[in-house]
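Shared between the two complexes below is chain A, which pairs with chain B and chain C, respectively.
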Partner chain A sequence: MKCIEVKNVNKSYGSVCALDNICLRFEENKIYGLLGRNGAGKTTLLNIITGRIFADDGEVLIDGVPALENDESLHKLYLASEKTLYPENMRIRDAFQWTKQFYPEFDAEYAKKIASQFELNTGKKVKSLSTGFTSIFKLIIALSVNTPYILFDEPVLGLDANNRDLFYKLLIEKYSESPCTVIISTHLIEEVSSVIEDIVIIKNGSIIKNESREELLAKGYTVSGTAQNIDAYIAGKNVIGVESLGGLKTAYILGDGNLDTPDDIEITKLDLQKLFIQLTNS
Partner chain B sequence: MNIKAAYKYQLTDRKRSIIVFYCVILILTIFLGVMSVNFSSEGSMLSGMETATAIFLFILGLCTFKEPFFMLLQNGVSRKTIFKSQLFVTITITFIMAVIDKIFFIVDKSFSSLSNSGYIYLSLYEQIYNMGLPFANTFSLHVKMFIFYFLMYLAIFAIGYLITLIFYRLNKYGRIAVGAGVPVGLFIILPIMDNFLFDSRISHAIGSFFDFALGITSHNPYAAMISFTVAFVILSLLSWLLLRKAVVNA
Partner chain C sequence: MYINFESDKPIFLQITEGLEDAILAGAFPEETQIPSITELSVSFKINPATALKGINILVDDGIVYKKRGVGMFVATGALDQLARKRKEQFYDSYVSGLVVEAKRLGLTETEIKSMIERGFIK
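Presenting the complex of A and B:
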């Protein structure tokens, strides 16, 4: 089966457990959001999948084949990481040329085209790029590399709103033209929520949610109203979080909200970012 | 596919520094040759070009690991392939540099024998094995010298590469300990201990070891060729042990 399979992966740094017995499957041609707070273990997981660091236990399979030190498997992945691994003195256009050498499917013409859309000067050296343009440079390669699995770690770091918008647009375009598996690890949940199909939420090195966005958001609802009404309504319900502002209260509840909701309470869909905050708080 | 690209990348990465090095050597050789022919009344001697190449290769070995390692990992190349391509690149570079040094040697020797100004060019090989003058210009000697330099360059590059890998794998405190401890131990504590406690027996043993390994007293360059080969194999194996578990440091 074509997928990235993470089997019983553990990773510790000294006494800190970064990943605790992670079991995951990233299936073919889906866009995943890998969500978690700072230090939750997202980057560690992506680095283990791509062989940049080693797991203490467990293994990663790419299309059923162990990926560890396997050129053929590693060749199916591309990670646009937060850390820049390209030589500082390399020019962007040279980086494109070398990527073509390693990934023959790399579309150099497309890379040049979107570089001009992002207004990235390909004659510049990597070290001379600002934080935003360094992210753009890596995004361009990731969008042009045409591997079956593309992984983004904090892809929009330092990008302005216009470039973030352009990135999501190009990603959707690319995915529509030639579907592949995309994993986006990010903090900007609200922005990415319309792009992702499946959600993996990681908390303190453990997976707490792994399901489709629709399923996850359909599992609950948001109610808002006066504090008194809300308190009365949520009694005995599976409440995952409550927010108060003045005399108004908002509660996030797991379950079906269409059955017994009084008229004086407003009911809305769960918001992914709110849900994420509630699930990962504490 | 990956090994071909990795080989090409690493070779290209080092090409520029090698070209710059030989440009400097060429300019220096011409400059010193012209100076000695025109301004030296008692004749002059130019030597040690191979030593310069050896030092350059040692430094190149020291500077070679991190950047290509990161770049190749970024491009889906396994550590096994990184190591293999690195070995092939090392062999290619040292072979080419041994060839270039041989060409320099032949040109310099021809120039010194044709010139009647007393200009003498003496190679490292001649100095080590004390061959005396005139130089026996035979094909077999040229081949022997070439193999000697090629293997010497391989071993010296491998020392630099291993050192840089050791430092990469160590943590901050380990780097400080090794960076300060090894030179202090080797060049201060050991000589003092040797002098006061062992009556210079350690330095004699080291001297004898190198004399035997390089075949200096016995005028046996084959001993050196075997020693360089063994050193290259051992150093490369140690490098692999360090590289196979190397990770991208934060």
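Presenting the complex of A and C:
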């Protein structure tokens, strides 16, 4: 049973509940999007999965084995976090060599190759990198590390459009040549929408959606028209949000949209970003 | 080939139709190789499972076939088959919408016919 299983995990910081009884399963060789607003608990969850912080209770199983303080399990995971944990005086090329000591499958040749694609000078020291290049440095390691589970926490922070494009392309290339489980935590939803297969949405420390992108998107739709027509149409439906503009109204609905829609109502699909905003608005 | 991420049409169907258009346009002649799942997913930045789903429709329809360890190839007779399929879809894709709009605007059947004739002369 190859998967990451999060079982009844709770975590509080003082009186603030960061994660509330999380139960989740990340299956083998899928790309997951872990989506949530700022402070929803994404980073806390990733840190607990990788054993960087401890849950108050509950457990994480990697391939069926409890991961807590278990070196063998933790070696199957790599988390590219927002924090840079490499010594700041270390040169990039030395960091590649050191990574190989901890992750024997790390492909230093590939790391060098993609570093030159990103135009990252491997002779530089970690501390001398700009925000964008610090992110790139961590992405290069994650793409080269060859663990069965790769976790990205806000991977494209500070990257320009060209480098984000290159990152997504390298990730897909890597994934389709040697499949692995990828979890991408991000709030840049539109960009990642076509890359991910399954979506986990976290809100105030709880999981509110956990399903395939296609199924989730098939469920949501938008209707717009005159306020009167829309009000009549949405009565009794699962409305997740409404916007008004003068006499016009737009409603976001979960359900099957192709049934009995009157001609005077315009119906369009809901994209992931809109759906996300409606679901996570407080 | 172009994928419209804003479209109501699912991405996998856009992959299927985009490749069909490319085959009809002669970009991939019969018995030549089409791009691999990896090439398609990398160039459009889509999940490989999505690209696979789009390609599988073409495989099921017999438009392309797999050569083990080599890749996917356009089948002999694919052009005819695609043209036939598109002709069958022609009424639904173009004619029914045209009639709805014509009625809404009060255009008569004769007027529409003469417009179609004009289109052919052009």
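Rule of thumb we're sticking to: the second predicted complex is superposed on the first by the 276 of 282 C-alpha atoms of A that agree within 3 Å, B and C clash if a C-alpha of one lies under 4 Å from a C-alpha of the other, contacts with A are read in each partner's own complex, and residues count from 1 in each chain.
We take it that a contact is a pair of C-beta atoms (placed from the backbone, for glycine too) under 8 Å apart; a residue touches a chain by one contact, two chains touch by 3 or more.
Small disclaimer: the values here were computed from a predicted structure and weren't measured.
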For this session: Go through the superposed model and pick first if A:I53 touches only chain B, second if only chain C, both, or neither.
Result: first
For this session: Check whether A:Y110 is in contact with chain B, with chain C, with both or with neither, and answer first, second, both or neither.
Result: neither
Exercise. Taking the superposition as given, does A:K83 touch the first partner, chain B, the second, chain C, both, or neither?
Worked result: first
Problem set entry | Partner touching more residues of chain A, whether chain B or chain C | B
Exercise. Is A:N70 touching the first partner chain B, the second partner chain C, both, or neither of them?
Worked result: first
Problem set entry | Common interface positions of chain A, toward chain B and toward chain C | none
Problem set entry | For the chain A and chain B complex, residues of the former touching the latter | 47, 50-54, 69-71, 74-79, 81, 83, 85-87, 90, 98-99, 101-104, 147
Exercise. Okay, in this complex, where on chain B does chain A touch?
Worked result: 1-3, 5-6, 8-9, 13, 67, 70-71, 73-81, 244-245, 247-248, 250
Problem set entry | Residues on chain C engaged by chain A in the complex (per definition of touch) | 3, 5-6, 8, 10-11, 37-38, 41-50
Problem set entry | Partner chain C, residues of chain A touching it in the complex | 31, 165, 168-169, 172-173, 175-177, 190, 193-197, 214, 268-269, 271
